[in-house]
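What follows is a set of structures to go through.
In the two assemblies presented below, chain A is common to both, partnered first by chain B and then by chain C.
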Partner chain A sequence: MNLKKEKINDVLLITIEEREANLSKAESFKDKVLQDIQSGETQLVISFKNVTYLDSSFLGALVAILKNLLPLKGQLTLTELNEDIQNLFELTRLDKVFVIKDSPETATS
Partner chain B sequence: MDKNILLVDDDIIQLKLYERLLTNHGYSCATALSVDEAEKILEDRIPDLIISDYEMPDKNGFDFRKRLLQNKQLRNVPFLFLTSVNDEHFIQQGLDLKAIDYMAKDIPPARILSKINNLMLAVREHYERSLSELKEIAEKLNLRNIPRKAPQLQKFSINYYSKFYQDQPGGDFIDFVRVDDRYTFVILGDVMGKRWGAWFFSFSFLSYIRSAIRLCVYNENYSLSEILSKLNKVLFADELLEDIFSTVSIVLLDDQEGRVLYSGAGDLPILKFDNHEQGLHSFQSSGILLGFTEQFPFDETEIVMERGEELYMISDGMIDFEMNGQKKSDLELFKGKLLGLKVKGVSTETIKDQLFNKNQAQVDDCSIIIIKRK
Partner chain C sequence: MNHLPISIPIEIPETADGLYQVSSSVLEKLRSYGVHNAGLLRKVRLVLIEMATNFLKHVTDARARMLVTLDVEQLTICKTYTGSPLRFFCEEAGFPFPAGTTELHISFGKNNNHLIAVQGPYSFRFLNPLVDETSIELLPESYGLSIITHASERFVYAYEPQTHRNEFMAVLNITGS
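Then we have the complex of A and B:
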């Protein structure tokens, strides 16, 4: 699972450097981000600018990360979702659960 | 099961030679010039076989093998040494590291290929045998997340179809709870994930859903929103399901009045083909994934169905398509196909055949329940 991480002020911006976010990557992605949360990162932004397809296993990993973050009063913002992925979030009401922003700039500000 | 091989060798010429030999014979290869590079590839995808040289700078092949043996996800991936270091002592050491074989690079390529072919065949046969044993056990224990048949009702007919992804059971589940002659609950759920892991957890969700329905009905409570609310609270509290989530669509059929009620959690919209307008209507619940948050106000909707009209409950695999090597989720594409078929007036059986991604590669479990008002 290739991830690029940048710290911008208090926010950890994680860019997924994969075209497909799927079952084979979901577990390692979840573990890596949960490690960041354990190390004290609670303001997270995840960028999907390189992702063209996301499956339900990966959606499950994102929900699990958010569920872990909420008791810590943290925030998980998703950004740069393509139209298909944005539609999938809306169709499954996950747009009500996650904060979704158009750009990393608005997500990290 | 695919034929993916990871080749590791610091000699780029050898690496390219073996890559060509294998790809020319139907294998798909990833190559790495060092153990570090190989481990980076393995973070991303797990091959069906790893072939590694012994002598490499920094970490050698034995170091690589020892590291793999400590990794629970990778320790069982078949491993071969292919190396020019052929001292008896090294061969024994390599085999002691649970390598399947230790091959010398001076063996003719045709023989190396035969050995790899035989090994892959044996691995595949072993895998298929295990899979069939598991399926047999599941069958004997009556572990089914898709029922054998739908109930026969007076005012409705129910057809359903479910197809596993890569022939392995997955997270889609279907259930029918016929409470009495009047009420029947139709359930379609999808545990997030694929294959055996999702399949295993689908039984937990199925048991909880059945219990929630039975407990509410016992108190003469047929409210779908209340059933989902109670179910959600229990799932939220279950530590074993802490990181496991499921969508669910529940439809309550009143076989006396011909009424249909629907509620859902994180599910795709239910579609109805309107005979008058010759168009599709979408009914989307407001519920979010079960077990994410303790309190959530689930809604419920009455769907008016006239005689001959059909309702479609679908799992997300039905809207996943792969075309020209690109995967995408596209509900509108699915709706377009369904509408085209309905306008032509084709049978339910044809709809099923056509909708099951006949011309596209399947990328997830696919399930559909078709409820027709008689």
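Then we have the complex of A and C:
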């Protein structure tokens, strides 16, 4: 699971550098982000600019990450979702749960 | 569309990394048969990938099959395999469902709850995922069945006890999608 990480002020911007966010990568992605949370990162922005498709396994990983941030009063923002991915969040009503922003600039500000 | 129905067998790759390409090939074939509705094709991809992902996670039967069938008014995506019936938790009833049972709340694990309509002793239709949206803590972490239920017009499971054949079938309407 290839991730690019960049610290912008208090925010950790994580860019997924894979085209498919799927079953093969969901567990590894979750583990890596949970490690970041354990290291003290609680303001996370995840960019999907390179991701063509996201499946249910990855959705589950994102929900698990959000649950881990909850007791730490952290924030998880998702950004740069393509139309298919945005549609998937709407279909599952998770667009009402996650904070979704158009660009990393608005997500990290 | 007088050449219909047509069937497209799905070759499941060994890992989930090949599924997007498989779904793209299916969408291309559907386009070649005159299906151009972008919303419908998006739903087909969702159902295909989620059914196939479930296949990779749970099905070990070498004779397991997935098939897409395009007809004039409907498109069906069907997964069949031989093995034990689908496992779920339900306080009220289990297989075989007693005669007269209509709707049930069933669960496939933590927060993965669904409302189903019983269609026979070993058959039911997924009606609606039951999600408690009042708390993030109570959100499910499994969305495969929910996605298929929402993306299709009808999503049905059936089991044949004599042959041990399991079937998941999602139906999408060609018109009005």
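FYI, the second predicted complex is superposed on the first by the 109 of 109 C-alpha atoms of A that agree within 3 Å, B and C clash if a C-alpha of one lies under 4 Å from a C-alpha of the other, contacts with A are read in each partner's own complex, and residues count from 1 in each chain.
Everything below uses one rule, namely that a contact is a pair of C-beta atoms (placed from the backbone, for glycine too) under 8 Å apart; a residue touches a chain by one contact, two chains touch by 3 or more.
Keep in mind it's a predicted model, so treat the numbers as computed, not measured.
On the shared subunit chain A, the superposed partners chain B and chain C overlap sterically. After overlaying the two complexes on the shared chain, residue contacts for A:Ala64 are found with chain B and with chain C alike. Within the superposed three-chain model, A:Gln38 lies out of touch with both chain B and chain C [touch as defined at top]. Judged by the touch definition given at the top, the superposed model places A:Asn2 against chain B, while chain C stays out of reach.
Within the superposed three-chain model, A:Ser28 lies in touch with chain B and out of touch with chain C [touch as defined at top].
Contacts of A:Val97 after superposition on the shared chain: both chain B and chain C are touched.
Once the two complexes are overlaid on the shared chain, A:Thr106 sits clear of chain B and of chain C alike. According to the touch criterion, the shared surface of chain A, contacted by chain B in one complex and chain C in the other, consists of residues 20, 23-24, 52-53, 55-57, 59-60, 63-64, 66-67, 84, 87-88, 91-93, 96-97. Taken in their complex, chain B has these residues touching chain A: 43-46, 171, 190, 192-195, 198, 242-245, 247, 266-269, 284, 286-289, 292, 316, 320, 326-331, 363-364. Partner chain C is touched in their complex by these residues of chain A: 19-20, 22-24, 52-53, 55-57, 59-61, 63-64, 66-67, 70, 84, 87-88, 91-93, 96-97.
On chain A, the positions that touch chain B within their shared complex are 1-2, 18, 20, 23-26, 28, 30, 52-57, 59-60, 63-64, 66-67, 84-85, 87-88, 91-94, 96-97. Here chain C touches chain A in the complex through residues 15-17, 19-20, 42, 45-46, 49-50, 53, 56-57, 131, 133, 136-137, 139-144, 146-147, 150-151, going by the rule given at the top.
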